[in-house]
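There are two complexes below, and they share chain A, which is joined by chain B in the first and by chain C in the second.
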Partner chain A sequence: MMLQAIAFYVFAAVLLFSGAVVVTSRNPVYSVLFLILAFFNAAGLFVLLGAEFLAMILVIVYVGAVAVLFLFVVMMLDVDFAELKKGAQSYLLPGLGIGGLLAVELILAVAMKWNFATQAMPAATTPKGITNTAALGHILYTDYIFYFQGAGLILLVAMIGAIVLTLRHKSGVKRQNAWTQISRGPAESMSVVEVKSGEGVE
Partner chain B sequence: MGVLIHFFTTLPVYFGLDPMGYAWAWTISQTLLIVVYAGLVMVSVAFWILADRKIWAAVQMRRGPNVVGAFGLLQTFADAMKFMFKEPIIPAAANKAIFLLAPIISATLAFAAWAVVPLDNGWVVADINVGVLYLFAISSLGVYGVIMGGWASNSKYGFLSALRSAAQMVSYEVSIGFVIVTVLVFAGSLNLSQIVRAQAHGWYVFSILFPMFVVMFISSLAETQRPPFDLLEAESELVAGFMVEYSSTPFLLYFLGEYMNIIMLCALMSIMFLGGWLPPVDIFPLNAVPGILWLLLKIIVMFFMVSMVKAFVPRYRYDQLMRLGWKVLLPLSMAWVVIAGAWVVFVRPALAHVFGG
Partner chain C sequence: MTIAHDLMVLAPELILAIGSMAALMIGAFAGDGASRLISYLMALLMFLAGCLVLTGEPATAFHGAFTVDAFTRFAKILVLGSSALCIIMAQAFFETEKQVRFEMPVLIGLSTIGMLLMVSASSFLALYLGMELQSLALYVLAAFNRDSLKSTEAGLKYFVLGALSSGMLLYGISLIYGFTGSTDFVAIAGIIQSSGVSIGLIFGLVFLIAGLAFKISAVPFHMWAPDVYEGAPTPITAFFTTAAKVAALALTIRAIMIPFSGAFQQWQQIIVVVSVLSMALGAVAAIGQNNIKRLMAYSSIGHMGYALLGLAAGSAEGVKGMLIYMAFYAITNIGTFICIQAMRRDGEAVETISDLAGLARSRPGFAFALAVFMWSLAGLPPLAGIIAKWYVFLAAMHAGLAIPAVLGVLASCVGAYYYLRIAKIMYFDEPAKAFDKGFGGRGLGVIVTLSAVFTVGLIVVPWLLLSPAAVAAEAILH
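== the complex of A and B ==
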C-alpha cells in the first residue's frame, strides 16, 4: 500500500507538472515532449487502478501514433508561436472561467463520491477470475457492440474524408507497376547478339 | 524468484536479527534479478554483433573480425572501449538536453522490452497479462529516440533522415500490430507465457499462420532498419542517417539499442511462432534439454536469417518500401486477422469434434 501511494503521488505530480509545462513552454517541441510525458504518467495511473489494458492502449495509440504526428508537424512547420500567443492575454478571463467551472465540477463529482452514477460503478469493476482485457472485450462486444461499431464507423468516415480531401490525381505522371517489373523475364528484356569484330551493333 | 525471496527473508536470521519483511525481500531480489539480467543481455549483445559481422563476412568470403581475442571474440568489447574513450562531440547549435536524452531513451527502451520475455516456463522478470501489448508499446516508443536525435542535432541531413526513418517505423508497426492480433486470436491470451503454452500441440509457424510469420519477419527487418530496408543509413551511399552528429558514448548507446531491438524481435518471433521454450516434439531426449536452450537456439536461427538477408538482398528504394508496407503487407495481415478468427470460431471446433479434442 505504501509503495502504491508513493507511485500514485509521483505519477500524479509529474503529470500535473508536465501538463503545466505543455501550456507554458515557449518552444512548441518541448510542449509536445512534455505532453508525451503526461500521457506516460497517465498510463502509470491506469496501471495503478488495475486497468493495464487501457494503460497499454494509451501508450500505443496516443504516445506511439498521435504524438508522433504532433511532433512531425511541430518540428517541420515553422510556426511562430510568439506571434500566435500575442492576443492570448485577452482570453484570460473566459479561460479562467471555463477552467474554474471544470474544477468545480470535478470537485463536486469527487466530493459526491459518484452518487449520481450508481449504475456505472458496478459495471466498471473487473469480474473475478478473468483478466482486465477479457472483461473489457466481454462488455465491448456484447452490451455495447452497436456503440463500439458506431465509433469505429465514425473513425472510418473521418479517415476516408481526409483521404478524399487530400488526394490529387495528376495526369501525365509515369507510374511503376511492381508486378510487371517483377514478372519481366530475360526473354523480353535482353537479346544476346554475336558481334563481328569491327562492325558494331545496330 | 521464490528461492531468492526466501534467501533474503532468512538472511538476517544468520546475523541474529529478525527475518526480513516480504515486501523488502521481494524488492531486493527483484532488483538483483533485473541487474543481473540486464547485464547478461548487454554482454550477449557483444557476441550477437560479432556473429552478425562473421556471418556477413562468410557470405562475402572474408574472414571478418579475427585479431582481438581468439577468433576475434573480443572485437566488440574493443570497439565499445574505443567509443567510450573517444571525445563526445556535441554540435554548437544542437539542443544539448534532447541531444543527449535521445540515445539514452533508445537504449533504455531496448532494455525495458526484455522484462516480459519468458526465457523458460516461469523464468520471466514481469509475468504481466498484457505482455504482448507492452512489447508493442515499447517498440512504438522507439520512434522517439530517432526523431528527437535527428531534430536535436540541428542538422538538415540528420533531421530528414529521422523523419524518413520515423515514417518507416510507424508504417511497419501497423502490420506488426495485425500479425500480433492473429497470434492473439489463436492463443487466446496477451500473456507471452500463455502464448507459448498454447503452442504445446503445434507451433504456430506450422499452422495457417505461416504467412503471418513471413510478414512478421519482413516487418521486423523494416522496423529495426535492417538491410534491405536500411534506407536511413545506407552505409555504402549516405552518411549515418539521424546519427550523423553523434559520436562516442551516445553513438554507442544508439548502436546497442539497435542490436538489442533486433534480438528482441527475433525472440518475439521465436515466442509467437516457434514455440518459445518448448522442444519441437515432447519426447525424451528433446524435452530433457532446458527450455532456455531451446529458446536460445530459436533466437540464433532467427538471427542467422536476419544476418543472411543483410548479406544478400539488395536495398529497397524508399517508395518501394512504402508500397510493400502499406499495399502488400497491411492488406495481407488484415485479411489474415479475419481468416484466423474464422478458423478459431468455425474450423477448430469442427476439427476437435472429428479428432475427439
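== the complex of A and C ==
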C-alpha cells in the first residue's frame, strides 16, 4: 500500500509539473516533449488503478501517434510562437482575473462541502477470470454499442471534414497510373538503333 | 430488451446513418456531378425518417441511453423538416455559386443524425456524443466555402469556441457524475430526490448550463454567433438557426428538466438571467447592423432569450410555449433565409439591408413575403410570432416570473424597430437596382410561399400546432 501511495504521488506530481511546463515553456519543442512526459505519467496512474489496457492505449495512441505528429508539425511548420504570444499578452489580465475568480469559487466550495457520491468513487473492477482488455471488449460491443457506434460516426465526420477542407485537385500534376505502367510493352518502350562508329546516339 | 427492439427504436437514425454512408460512396465514385442526386436522396431519406418518427411508439433503448416519446417526436419532426429544406436550399445555392461538392448533403445528413441523437439523449454520455457529431459537421459546413476568408474565419472561430464550450460541458458532466454517481437522466433525478442538492452538484449544473447556452448562443455565450452566421454560406446559416437551434433547445429542455427537476430553484435563476440578457442584447445590438445575416444572428440571440423564458417557468405550460416558439422560429427563419439567399444582383450575392430598398416595386411578392416574416419575427399581431410569444409569456406569468415577462415584452417592442425598418426600406425607400429573377432555384419559391402561408394562417388554425405541443410537453414531466 505504501509503495502504491508513493508511486501515485510521484506520478501525479510529475504529471502536474509537466502539464504546467507545456503551457509556459517558450520553446514549442520542449512543450511537446513535456506533453509526452505528461502522457506517460497519466499512463502510470492508469496502471495503478488496474486499467492496464487504458494505460497501454494512452502510450500507443497519444505518445506513439498524436504527440509525434505534434512534434512533426511544430518542427516542420514555421510558426512564430513568440509573435502569437504577444497578442495573448493583452488578454492576460482579464483572463487571469476570470480564472482566479473561478478558482476561488471552486476552493470555497471545497472548503464548504465537497462530498462525492460513494458510487462514483471506486474504480470499476474487472470480473474475475478474464483480462482487462477482454472485459472492456465485452461491454464495449454490448452495453455500450450505441456510444461506440456514435463515436464511430464522429470519426467519420472528422475524416470527411479534413478531406473537404484541405484536398485540392491541382491540374497539371503527373500521377502514377499503375495500369499504364504494367501494360507497357517492348514495342513502345524499346527501339533498335544502329550506331555508326564515331557518332553518338541521338 | 433485445438488440432487435433497440434497433427498431433507433430506426430513423439508422436509416439516415446508412443512407449518409451510401451517399458518401455514390459521391466518392460518381464525383461532384452526383451532388444534386445525393441532395435529393438525403432530403428523401429525411422525409422517410420523419415518417418513421411519426409512427414510433414511446420507448427507451440501449439501457436508457436513448428515449423516444411525444416530446422527441415533436422536436425530431422539426429538425428533420428544417434539415431537408436546408439541403434543397444549399444545393440551389452552391449550384448558383458554382461550388458544388457532394460532401455538403452528406455532412448535413450526418449533422442531422447528431441532432436526432441529441434530442433523444437520456444520459450525459449520449448527450455529449450527439452534440459532438452535430457540432463537428457544423464546423466543417461553416468553413465550406474555403476560398472565402470570411467563411474560413467563421469555421475556425466556431471550432475553437465550440471546443471551449465542449470543455465546459464535459467538466460540468464530470462534476455531476462525481456528485451523483450516475450519468443517466432518470437515475440522477432519483438521487437528487433522495439525497438533495449538494454544492458540488450545483457547480456541475452551472458548467452544464454554460456549455448548453453556448450551443444555443444565449448571452453571455453569444459572441461567436454574429461572425459565424455572417461568414458561413447563407443556406448553412439557415441550417444553424433552424435545425441546430431546435435540437439544442430540445436538448436543453430535456437535460435540465428531467435530471434536475429536484433542483428547480437552483437553475431557474440562472435561466431567468440568461433569458433576460439574451432578449435585451438581441433587441439592442441588432439595431446598428447593416448586414442582414448579422442582423439575423442578433435576432436569433434575442429569440433564444424568449424561448428560454418558457424553460424558466419550469412547467408543462412553459415547455409547450417553448415548443410552439421553436416551431414558429424554425419555419419563419427558413422562409427568411431563402429570401436572403435570393438577394442577388447581376449574379452577385448582396447582403446589406440598403440593397432591399424599394423592393416592393420591382418584386412585390418577394417584398411581401419578407415583410410577413419580419412582422412575425417582431411578434406583432396577427401573425405566428405573437402566438408563440403569447404562450411563452403566459407561462412565465403563471410561474410568477412577472418581471422577466414584462422585460421580454419591452425587449420585443424595442426589437420591433429593426424588423419594421426592413419592411419600411422595402416599401417606402427609393428603389435600388432590381434583384435577379426568381428565388435562385426550383421549388424555393414554393417553400417561401408555404412558409408565409403558415406564418399568416397559424392564427386561423392554431390547434394545428398547439395540441401536438401540449402532448409533447406533457411527456417531459412524466
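Methods note: the second predicted complex is superposed on the first by the 142 of 202 C-alpha atoms of A that agree within 3 Å, B and C clash if a C-alpha of one lies under 4 Å from a C-alpha of the other, contacts with A are read in each partner's own complex, and residues count from 1 in each chain.
Criterion: a contact is a pair of C-beta atoms (placed from the backbone, for glycine too) under 8 Å apart; a residue touches a chain by one contact, two chains touch by 3 or more.
Note that the structure is predicted; figures quoted are calculated from it, not measured.
In the superposition on chain A, A:I160 makes contact with chain C only, while chain B stays out of contact range. In the overlay built on the shared chain, the residue A:F146 is in contact with chain C alone; chain B does not reach it.
When the two structures are aligned on the shared chain, A:A109 is found in touch with chain C, with no touch to chain B. When the two structures are aligned on the shared chain, A:E52 is found in touch with chain B, with no touch to chain C. With the contact threshold set out at the top, not one residue of chain A is in contact with chain B in one structure and with chain C in the other.
For chain C in complex with chain A, the touching residues are 3, 6, 10, 17, 21, 24, 61-63, 65-66, 101, 103, 106-107, 110-111, 113-114, 117, 125-126, 129-130, 132-133, 136-137, 139-140, 143-144, 146, 155, 177-182, 191, 198-200, 203. Chain contact summary for the complex, chain A toward chain C: residues 106, 109, 112-120, 143, 145-147, 150-151, 153-154, 156-158, 160-161, 163-165. Within the complex formed with chain A, the chain B residues making contact are 23, 98, 128-130, 133-134, 136-137, 140-141, 143-144, 147-148, 151, 159, 163, 166, 170, 173, 190, 320, 323. Interface residues of chain A, counted against chain B in their complex, comprise 3, 29, 33, 36, 52-53, 56-57, 59-60, 63-65, 68, 71-72, 75-76, 131-133, 178.
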